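After this come two complexes, each holding chain A, first together with chain B and then together with chain C.
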Partner chain A sequence: MFGLNDNCSIDQDQEYLTLEDYQGRVSRWCAGCGDNGILGATQRLCRDEQLPREKTVFVSGIGCAARFPHYMNTYGFHGLHGRALPIAQGIKMRRPDLHVFVNMGDGDCCSIGTAHWIHALRANMDLVVMLHDNGIYGLTKNQASPTTPTGLKTNTTPRGTMLRALNPLTVTLGVTNASFVAQVGEWIPDLLFEVLKQAFHHKGLSFVRILQRCPHFTPELYNALLTNPDNIVLLTHEKGMQIGETTAKIYKRQEHHDPSDLNRARELAEMSDRVPMGILYRNEEIGRYNEISRSGILPTWERRAEVLESAFDRFGIQASAAE
Partner chain B sequence: MTLKQAYDATLFSGLPFEPPHTAVEKDAAKTLRQLRNFHYYGILEPGTQPGPAGVPALLHPYLDLGSVRHDYPVCLDEQAGATVPVQSLTQLMDELIKHTAAAGDEGERLKRHVYQLESVIRKLTETGAAAGLLGLWDLAAKSLTGAAQHDRDKQDLLRENLSKARRLIKRDLTVLGCEGGVAERILRAEAAADWRVRCADWRKELAALMQQLQDILDADFNQSPEARSANHLSKSSGTTDHEIDFGELSSILAASKQDFRLPAERRSRITETLQTLKRVQPIFAESSAGQTLPFALPAICASAAEALHRQQEIMGAMTDFFRAVNIARLEAGNHYRETVHDAYFKGYAVNHLTENELRLCPQVMLSLRSSQLDKSDCALLLDILNSAAAIKTLLQIDDLTNDAPALGGLLGWTARLGNMALALANGYILQTSVSRLNLLQSGIQAGLKSDGPALFCVYAGGSENRSALPAYLDAAAATESRVLPAFTYDPARGDTLKVRLEIQANPQNDQVWTCESFAFRTATGDDAAIELAFTPADFLCCDRRLAGQFWDVPAALWHEQMIPLQDYLAQGREAARSGIPYLRTVDEEGLIHRVAVTRAVVATVLQCLSAWRHMQEVGGINNSYTAHQVAQEKARLEAEQQAAIKALEEQYSRQLDQDLGQLTEEIVQRIASQLVQGATGVVQAAAGVTARIARPAVKEAAPAVEAAEPAAPDKAPAADEDEEGEAVSLDAAYIETPRCTTCDECTKLNPLIFAYDSNKQAFIKDAAAGPYKDLVKAAEKCPVKIIHPGKPLNPAEPHLDDLIKRAEPFM
Partner chain C sequence: MKEQTVRVAANSKQIIQAEEHIIEIVSDSGEGAQTAGQMFGTISAKAGNSVWTVEIIPAEIEPPPRTAPGASGNRIRIGSFEITNAGDDAKLVVAFNEQALMGGMSAGKFESGCIVLLESMWGKHPNPAIAREYAATMEKLKQTDYRIYEVPMEAECLKVVQDARRGKNMFVVGMLCNIYSRDLAYAYKEIENKFKAKKPAMIKPNIDLLDAGYRWAEENLDFRFEIPPCPQQGAQLVANGNTSLALGVIASGMEVCAMYPITPATSASHYLSQALYEAGGVVHQAEDEIAACGFAIGASYAGKTAVTITSGPGMALKTELMALSVMAEIPLVLVNVQRGGPSTGLPTKVEQGDLLSAIFGSPGDNPKVVMAPATIEDCFYCMITARKIAETFRTLVVVLSDANLATGQAAFPRPVPQKEWDAPPIDQSPVPKGALPYDWDPKTGLSKRFIPGQPGGMHTLTGLAHTRASGVAYDPEANQEGCVNRSLKLAAFQKTLKAPKVFGDPAGDLLIVGWGSTKGAIEEAVTRARKGGLKVSALHLTYLQPMASGIKEIMQQFKQVMTVEINYSDDPAHELIDENNRRYANLAWLLRARYLIDIDCWSNVYGQPIKPGEIEQMIRDRLSARKTH
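Then we have the complex of A and B:
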């Protein structure tokens, strides 16, 4: 328009940010921890999208994964156990211009934070939620979490866990308004990055379950997937994931899955013999609470004063009555 | 707190927004009466001021032009030998970035740094900072590096990148913003470059010709008594001693024969010719500054009369010059015959000049401003445009609106000057606004190359009567709104209008109006986007003198009968009559207004629409003749097709009847014969006949190919490796970097051997920087087993046998 060049862009004179610019403190996660890979992929995403650091927030609860905001050179909120999602929702509600990411462990999200998880999915606000699922409470040294596999001996289950592990995918896909559900393993960097990228661009809450190993307590949790890539089914689709050549060579078992097919997504999530990786479900038609809940009334100072006055008037004492 | 602040404090969108719901005037009939009074008669209630608020909605996002990469400022190379006389700062910066050849993060960072500098230079130019490119570069670099927003490392990087790019600039350039007179400067620079190219070969040819004449005169002089004088001999020997007796030498030479002198007439002719050549030669020099010329160069005239006079002066001098050139050529070859050539050259005039010679005549530049044109200029300009004189006229249109609309039209005749010239169909024509730098530049170049007259109609924008829009946007708005469509007409391109007239440079040239999506926030706080057209009314509403034609209708008076102008225009006249057309404008705070327009504005919009449709038609878009021809041809083809189908059907039907007749006959015959032979054959006969009658069945689709079993047969790892096509030495340590999960195991084990790349994935930085033991240990600890330790580099390392054994599974 107006004869301006095709390459005209208002943001091009901004400083270019490298991956290092997004690095916060030096990570204190154990060597071999899957959190490092998730951090690297997230930093790569921030760099490729050139997210302004002052407009990006990472919110976490409690646990190993919850140290994530410390290692990002952006804004962050290290919250209370299980409460990352309500904090993130509050941030997004008040500051819709910010990019809000949420990092939770399996204990954080699927145990103490379960209610918030369900309702955050239902509210479907524009957040990227990463579930770092290593199947154990690692920070507090080896207690069983809801996703700990049956039979694993931990400090709280010395005779081995008796219950079947919770499947976060089937739970998420069963919640009203869930709009983006994906699963990926932290040991497949290309796939992890691609899934996070798609999650970032999704309008609504993007729930990404990331299978990761704890090098101390569950180092062999996903050995079956690591040693035999045929146990993994990569979900590809022109509307979903595009897989790189290298990844496609290793993971030959692929399924052409349309992410708008909720029924098939639920079937895939429930598979017991193989593990699906990629985008299971995506639907951008679902309303986002922060958008549909707008009153349309501007909170000007005058309006605020009016509301406060009317509230105070309910408790005020009339001068004439006092006399 | 302003409404904008309140809005930003809550919603952070930065989008223009509609005013929140306000109490609507209850008397709707009264409101409608007010709106109609204004629309039809321009009358408002007492105390109400007319005039628009803000700028047209589509212009609003671009108001901060300093932050937007566009074609201005422009860099002019006005020095001798310039190869690129005109280029935009954007082009120049992109070239510099390309030439630094930095890649990856380093390249991206350098690019952003150069863009930052470009932005500062652009802002400096807007504020009128006067300096060459290098001066502005240094000023901008100082301001950028002085900003305390970065840490020291980043500032060093910025400084280093900027100096790297600056070193690539070989010449200082003049930097000009989009301001009055820029078109004339571009014309000057382009004309100088065009002239240098035009006479590059001729310069050498002329020098050689003059040398030949000089040689003839020198040879003649050497035969003269003056050449044999003692004085001349002494001077030409170059010695200062007195060993040679030049007097004696002179007397000896004087005794020799002197019968090779040129005839006096020829000598005089050659001398005169050489003098004429020498007088004009400086105009072909690389730099003609300071030379005495028979006429002024560069010849940029300020009036048509002066241009015509200058043209005659130049052509007179150049006729003499080429007369001398032709004589010189004959003399150099000793072909001049006085009996033949004297008479020819005596009557030598302008019409004797060949096409090539005409191309070597300096062109006269005429620069006019529409605001200063008088009637005599207009008449002379028409004469020039209708002639064959190579006068290149730049007509800078200062004003497109009519400041004295006595006859009702709001647009001045200057807006249609290009179209008028087009009617003459003679010479090159360019019409554009100054914002279209590429078209302006290429149009001027083509006009200068053309042999006849050329007219460059350029709208400069930014006059004092326009609102506070930057000149660039004002000029761009003229083309965007179809008030001044851009086109070129070049007779040199061919004989047909199709190749001569070019209107492709207009935005969305196949559409009625240019449209763009306008994003805003509604009164209820929702984000919305609508397609808005940019019409001549948007252009007119930026003119202060036309404030009376627009009324910013207060939100309380917004009425359902108010309809956007583009919808009003799209409706039929009868349907639209009940509506009040309005424009959307946005003020400084981002608030959206609805501005009602008068009937006069609508009439001007329709006038522009008609002119644009005419331009589209002659430019080959929606051409009514073509459409009519196509419709006729289509109807003919359809009729032919229908006739062919009918003929086929009839033929088929005839064939079918015939076949059925034959078959019936055959069936009857067979049944009869079977009846004769015996009852047993009846069924078979009937079955055979049925098979013959049955039409061939549609071939069944091939059964769907079963989906391939996902688990393909296992291939040997070696085969996979072969497919990779890369021979990896098993002796050297390596990591399958793309599969690295960034777990920190190896980098923590030995950061000298292992490092992360720009994607934070590990690679072998230096296998020799640590013991083989660390490589093996890292391979064992790597959770995804992608480290291959290779063979040990140090044969003296302790426990090597054990390590090699441990490394085996990872080879």
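Then we have the complex of A and C:
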């Protein structure tokens, strides 16, 4: 599409890119911020996949998580609150040759950008979407977000939040065309890396909810999971994630879950006593909007001129004697 | 020019010659008045007249039948000179029912002595309520000086076809062909073109209906008009402003159009949905206006300039992203086909009320280019210009069209595609070491953008205040520097603009300044007033921000300067209004602020195109009032 050749690599002595090559500006996240772990895992992914830096774009909205692109040495688009997904879709539509990642916080994705979240899932364009979910508005200093647990006192909920937290997994799994849904905690680096890797290789929109601690405002949000790994259900499957020995030793509660089983995925997402981690759902058969909306015609000037001339013929008149 | 009877035909029919005529065809929605109007417009154009047609559109898809607000139809202005607007009051009306007729009548759209051809079937309708309504309307019509002809359209059509409701419109085209002395061969050809591909069986019955209408008018009407042809300039295109604009998008080389349905802008995207696809591009219907703008910005950022098409309420939703495009210097073309406001306002009606919100609508200082096509032909070419400006100056270009252009249909010279219209391929070459993504040139504020795929150009673009390296600006100097450079770009662009040309003498008693779709009506009014000896000229602005140099010098040559616009301004005659609180029309505000000249304005928001006759009258009143002072 758009006259770009996906296969334009030239043979040369390609330099091996190291982790440092993917590091952008020095992070200004707080010490202990879960975003640092997500950044590390992502840089590792880029290195392992040897992604060309100029062909990789990180798109974000606004919030702590949205600073992510600044810390990568790739192209980045730090846009507007809630609007990362439409921008990422525009980029991918115009440039299918680029690797496009999206980083959003829970306010970004699940509050101000909710409509885009739903519709981006439905469009299923080839994007890796990370939801950095720390259950709070951090950058604006401690206001309740849709995923803040009930009863938490914040600056806007001095008597505690009244509503039940929105469950991003059940929402995502309820959307038509959702094709890859996973969940992981940032404090489990190997698992995080493995999930991101699978997300990267998925054809379609991969939605990864990453449970993330905010050291200032929600440091204890995931304490139940940190102190007792049995509260986590690791999802394993030969078609899903393979788990390393060490991880398997810590997270003993595992379920052999076929990621093509949407009903079970929804049940797992709905669990109230335990938290699933791994790939809940994957379906590579769902069409991708950036591909199915193509005409396959090269947009050359000659082609445009042809379309114009035929339109001019259709709308054209020449004052003439009647025949 | 007055109408004049040039001869009397054998059957005592008066043959009247006129320089122009305005016809309205009104019916219930779905009866085909619009098709009839368009077809008669095309026939007239082919016969050599200059033509302007406007759709009369009800707000609903299927409004209640036989009601004034539910009327649907077409206004057709045909002439022997170049027609640039919808003109004044109608001289001939064809009404499929009396209620549709009353709508136009109470709106004062028909001139004194107007000829009315009215379907007569309702008078004998089995429903006594309807028959009574018809009789009551006839009584009212008798109080007017309209020349009423009751036409048994239904009955005549039933002699030819079984279902008269579908086909009455062809009977009407036949009548009009007779009334305006058209060669029927043009009409046969149109019918053939319309049906040959999909419904060839429909050609014969439609031609029969056409013939029946023609015959009926020949036998029953005591008049016929001749509108001599207008000198023609070769091949022409007939299109409405939105189609013209859509063709301009393709011609400009833009490949991505993102939109969300909104009246009256959507028909441009309808056309593009297929045509741009065939040209290898994409029309993306987003989940909302905001997403449409975001999608276009993403596409622009990663490639060639993209376009998003909307109307006023949609532009309001896009303001945050418009400011992002300004701040991050991502080229973008935003088309606003204006409608009546505020809020949801008048979706299908004409207004030019978004000029100030286009210029000032986003938070903070957000310099951008704002331009407005004045004609249907302009709608085509302005897209090519807008794309070039957006790319060259790394800027947002807002194009303000309006419902008047969007639904008006006229002929203009067929464009000849030029390769120089096309956007150059995107740069994917390596970025030199040390080059910065916002390396603002101190003289022009311009910098070269880096597009993903360019090795060495990696940076994170941000809507936050940023440094030349696109880092988040933590020092106050950086923000000031960014604002200076983004504003300088506009100044640099302004230096490329030529002063607009005055229509009429370069000096005089009154200068009328306009912008957008009012050009045709203003210039026609000025021409008429000048013929009457008044020293009035007109100035039309295509670039509203920035404005070309030389405008002040032009205005200074006139004793009075005023704008004529279709947007709200306070009436200075109101007892509560004085110079301390008077709110001016959009352009008047801008001109007053920039040029420190006491510029007046005349504007209204009836949702209709301003008629040349109204402007002419206003000019006469104003200049005679001054004389008597």
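Points worth noting:
In this text, the second predicted complex is superposed on the first by the 292 of 323 C-alpha atoms of A that agree within 3 Å, B and C clash if a C-alpha of one lies under 4 Å from a C-alpha of the other, contacts with A are read in each partner's own complex, and residues count from 1 in each chain.
To be clear about the criterion, a residue touches a chain if its C-beta (ideal position, glycine included) is under 8 Å from a C-beta of that chain, and two chains touch if they have at least 3 such contacts.
Just so it is clear, the model here is predicted, and its values are computed rather than measured.
Contacts of A:95 after superposition on the shared chain: both chain B and chain C are touched. In the superposed model, A:177 lies in contact with neither chain B nor chain C.
In the superposition on chain A, A:236 makes contact with neither chain B nor chain C.
By the document's definition of touching, of the two partners only chain C reaches A:119; chain B does not.
In the superposition on chain A, A:69 makes contact with chain C only, while chain B stays out of contact range. In the superposition on chain A, no contact is made by A:167 with either chain B or chain C. Applying the stated contact rule after C-alpha superposition, one finds that A:33 touches chain B and leaves chain C untouched.
Touch criterion met: A:308 reaches chain C, while chain B stays clear of it. Of the two partner chains placed around the shared chain by superposition, chain C is the only one that A:77 touches, whereas chain B remains out of contact. Taken together, the two structures place residues 1-3, 95, 97, 294-295, 297-301 of chain A in contact with chain B in one case and with chain C in the other.
Chain A meets chain C in the complex at residues 1-3, 24-25, 52-55, 57-59, 62, 69-70, 72-80, 83, 85-95, 97-98, 115-116, 118-119, 293-295, 297-301, 303-305, 307-309, 311-312, 315-320, 322-323. Chain B meets chain A in the complex at residues 1, 3, 6-7, 9-13, 20-21, 58-59, 62, 64, 67-71, 90, 94, 105, 108-109, 111-113, 115-116, 118-119, 150, 154, 433, 435-437, 473, 476-477, 479-480, 507, 514, 516, 523-527, 534, 710-712, 720, 738-745, 748-749, 758-761, 781, 783-784. Contact residues of chain C toward chain A in the complex are 42, 45-48, 183-186, 189, 229, 232, 234-239, 243, 247, 250-251, 253, 255-256, 258, 275, 277-282, 284, 286-288, 290-304, 306, 320-321, 324, 411, 414-415, 417, 419, 422, 425, 450, 452-464, 471-472. For chain A in complex with chain B, the residues that touch the partner chain are 1-5, 7-10, 12-16, 18-19, 27, 29, 31-34, 36-37, 39-41, 43-44, 95-97, 186-190, 213, 215, 219, 226, 230, 233, 244, 246, 249-250, 252-255, 291, 294-301.
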